[in-house]
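Letters A, B and C name the chains as they come in the text, with residue numbers starting at 1 for each one.
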Amino acid sequence: MTVTDISRRKKFFAQGNAYVPHIVVIEKIIEETPDTRTFHFSFKDEKLRKDFIFESGQFAEYSVFGVGEAPFTISSSPTRRSHLECTIKRVGRVTNALHRLGVGAEIGFRGPYGNGFPLDYLQGKNLVFIAGGIGMAPLRSLIWSVIDNRDSYQKIDIIYGARSPADLCFRYDLDLWGRDKTINLVTTVDKGDEGWSGREGFVPQVVEQVAPSASDAVAIVGGPPVMIRLTFPVLKNLGFAPEQMLTTLEKRIKCGIGKCGRCNIGNIYVCRDGPVFSYAQIKQFISSEY
Amino acid sequence: MINSARQQRLIDEAKALLKQGKVRWIIGFEAGSLKFTTTPLITADAGDTSRLVINSFIVNNLSNFLPELEGRIGIVAKGCDSRSIVSLIQDSKVRREDVVILAVPCSGLIDLAKVEQLIGKDRDEIDAISRKDDKVIVTLAGAKREFSISEALYDNCLACELPTPQEYDILLGEPILPSNEPAAGQKKLDELKKMSPEARWQFWKKELERCIRCYACRNACPACYCQRCFVEETEPQWLLPIPHWQDNLMFQITMDIHVAGRCTDCGECQRACPVNIPLRSLTKEMYDIVADLFHFKAGMDKEALPLMTHYEQEEAEDLIG
Amino acid sequence: MADKKINKRDIAKLPNEWCREFSVLVPSRESGTVAMTRWDGKDIGFLDWYRNTVVPPRDSFLPLIEEMFSFYKDKDGYNIELPPPKEQKQLIFGIRPCDARALAILDMTFNDGYQDPYYLGRRQNTVLVGIGCTKAYDSCFCTSLGNSPTDTTGVDLMLTDIGEDFLVEAITDAGKELLTTSSLSKATEADQARAKVSEETARQKVTRNIDIRDIAQKLRASFEDQDFWQKVAAKCISCGICTLLCPTCYCFDINDEMSKAQGVRCRSLDSCSFPIYTRMPMENPRTEKWRRVRNKVCHKYEFYPMLFDAIACTGCGRCIRLCPVNWDIIQIIESVPTGA
């Protein structure tokens, strides 16, 4: 499989009016950090609950009716279908409104959109997951999917960092991954506190220290743009080729389906051609447009 | 001094300023790509200064560009523009020592929209437009027609209170006095004031229904210098980004209040509007209110404190009480 | 040839006939600017003054504001209602070749992948009657883009000025169906010849030209040339005129509007000239004006051709005519470094 196939265009399109959301109901809310929550939700429509399929890395448009829409990745795994999850940091109008909602509230959901991670490309390889803060959300979906098909993959490294111990998301997952003998989990924080005995340091530095082997490996990077920008050169020095580095990009997305225009990086539309990209695809633009 | 002579002087002065390193930038006008059009020339290259022009179509208020450039700037300024510069200095957006004002006494600019109305042709179909004393001469298909300046100049030019900049470093040409007929520039406003409130409401409804929310009025305005405009705030969202006429009106009114005491009646908001909304009728009314209530005219007096950002101790009681 | 003609005196008979079946839109100054507006059923005086609209006819397909659906909450939760489909067919009379071609360019985006039901619904519901141009603006440059003042791309029926008459040419089947009025007579060979002359004369009047050979490659090579982009962006005031009134621009925003218990999800046109367009809570990749100018130019002349093999510009000249600072795309395109 060549790298250009990585962001293969989905031939699957929902029928009908793509702008009209489905109604989903919030079933559980997990307080991840002081400003981030994970919402567990399910479709109101029973048929959709059964039929809905998606891939790790794909995103959806969530709406609080009367406030507006915003795109978030689906942070649960397609291999675990009892409900869907999304993890949302409180940063603006829509996310604030989402955080005001409680269990039982109805929100709009349309998707899934985008390409998702190329599982067939990743199979049989060593995987290095590198995430910062809420950038773990799309990777977490993939990690669970990989764990649920553990035999199809080789070594797994997970390097996860946050600003402070309180900013680490998915601690319940980190516990499980930490205990899994087949996974090498490294957590780090920019600055620790009294209770923190783990590593300190920015994610790119920690990647440098951990120095995962590039041999037969793919690195999957998720996090704030600045972290992504700084992590690529480190991986490059470790011998990762542009095709061996994947990331999922975040842009201001409105329509989610390649029409409204604003998520372009050059001729690439993040919503339609991504959000998962290899560094080979975006290296021309990444310095100046992302 | 005739135009060509002072244009040459401008070129010489601008070139010298750049060459001697006295300024890093020159902002002036050069010939535009369309008939009867000029365009801002913003350059650090002394070679470009030979393209500078002065004519009856130097419409832009170039002070708009001052806050975004770094380094000392030589700027071509008509009377109204010089008032905007002074106002920007008062608001600490620009430092006086960072600008070299190349003052152009201005006898008013020709309003192409008015000429089009008078002639019944679009601007690019007209052969020539020239200015002679208090006449504007339009040549169409070889035939000349004369119009009085009150018919053919911008309303704000007719009402101009400062044709010659007071604040300047280099004066290009002889000073010009204000015209004796400011009433001509007040015509549109007078018509509106005569309307019943209901009729006026309907008038603005119709005008603002075609607003496309391009924000050219705001972006062309040197007094609108906020880094982040209230229309872009989302928490709280003061205004929906959907151009319904009510929101468009809300935007115009708020903008008007925000530039009260800063607006110099340069007319750029209205001129920039691509769909001919008579915005100056709003800004000029506010300008007149500010003059009446506070005896304040933006940019006329360098020593004055900015109207809306200072207060006197004795005002405090009233303001709060 | 089966072309027809109609005497200019009788021209009102055409919309008169059409408005039985269609909602007919014609160029009008009714709104205070020039836009396609519902025909009042009386005169067609626009023929005397009309050159092109200020608001592009795109507005009839992708309007400035559009209700996508409404929603309300009852005891069972949220309900969504789509706006009722428009029953009456629409006919635009007087669209210019540049704007008709622009619609063909927009179709590429709205047809690609997910179908856009709003835009495409209107497209399928609308018949375009073009009128060829006889006098170009001094900002027109359609001929540089393989277009012409009498080009028939995208129209269903085309009218060409041949002096006392208009030559009436059906381009599509939908256009043929419009040729039922008895006021039409058969066009002669002499009429056809006159149309050729008229076309050539109109062509000559388009005086501005740009060389678009290798433009996509040049732009690609100059993408990182910050000096160039800063220089061409210097006088831009970042308003939305050149995008919001461009017939091939289509960017939009989606927002909710509430009134009491009922809400509406609206889409409204947006512009890549605005810093907020790409603003995210923590970052904005295009805070600087030159980056936005670069994106605007490259989108039209480099990215769109990469995606759809078509330049997203038809040379209508609106962006030049309407720009408050005379920012001129022709001069920009002309000055793109060769990259060598």
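Structural remarks
Methods note: a contact is a pair of C-beta atoms (placed from the backbone, for glycine too) under 8 Å apart; a residue touches a chain by one contact, two chains touch by 3 or more.
On a predicted model such as this, the values are computed, not experimentally measured, just so you know.
Considering every other chain in turn, the ones in contact with both chain A and chain C prove to be B.
With A-B and B-C as the two chain pairs, more C-beta contacts join B-C.
Summarising the inter-chain layout, the chain whose CA centre lies farthest from the centre of chain B is A.
Here the spacing of chain A and chain C, counted between their Cα centres, is 39 Å. Between chain A and chain B, the centres computed from C-alpha atoms are 50 Å apart.
Rounded to a whole number, the gap between the C-alpha centres of chain B and chain C is 31 angstrom. Counting only residues that touch two or more partner chains, chain B has none.
Along chain A, residues 92 each make contact with two or more other chains. Counting partners per residue, chain C has 253, 255, 270, 279 as the residues that reach two or more other chains. Residues 9, 13-14, 16-21, 23, 25, 44, 63, 65-69, 91-92, 95, 106, 108, 224-226, 250-252, 254-255, 257-262, 264-267, 272, 284, 288-290 of chain A touch chain C in their complex.
Those residues of chain C that touch chain A in the complex are listed here as 68-69, 71, 73, 77-78, 80, 82, 109-110, 112-118, 223-224, 250-256, 258, 263, 265, 267, 270, 272, 277-283, 285-286, 291, 295, 298-299, 302-303, 306-307. The part of chain C that touches chain B in the complex is made up of residues 31-33, 35, 49, 51, 54-55, 64-65, 135, 137-139, 234-235, 237-241, 244-245, 253, 255, 257, 266, 268-271, 274-276, 279, 289, 320-322, 324-328, 330-331. Chain A makes touch with chain B in their complex at residues 92-93, 96. Those residues of chain B whose C-beta lies close enough to touch chain C in the complex are 32-35, 37-42, 60, 64-65, 68, 120, 122, 124-125, 206-207, 209-210, 212-216, 218-220, 232, 240-244, 268, 271-272, 274-277.
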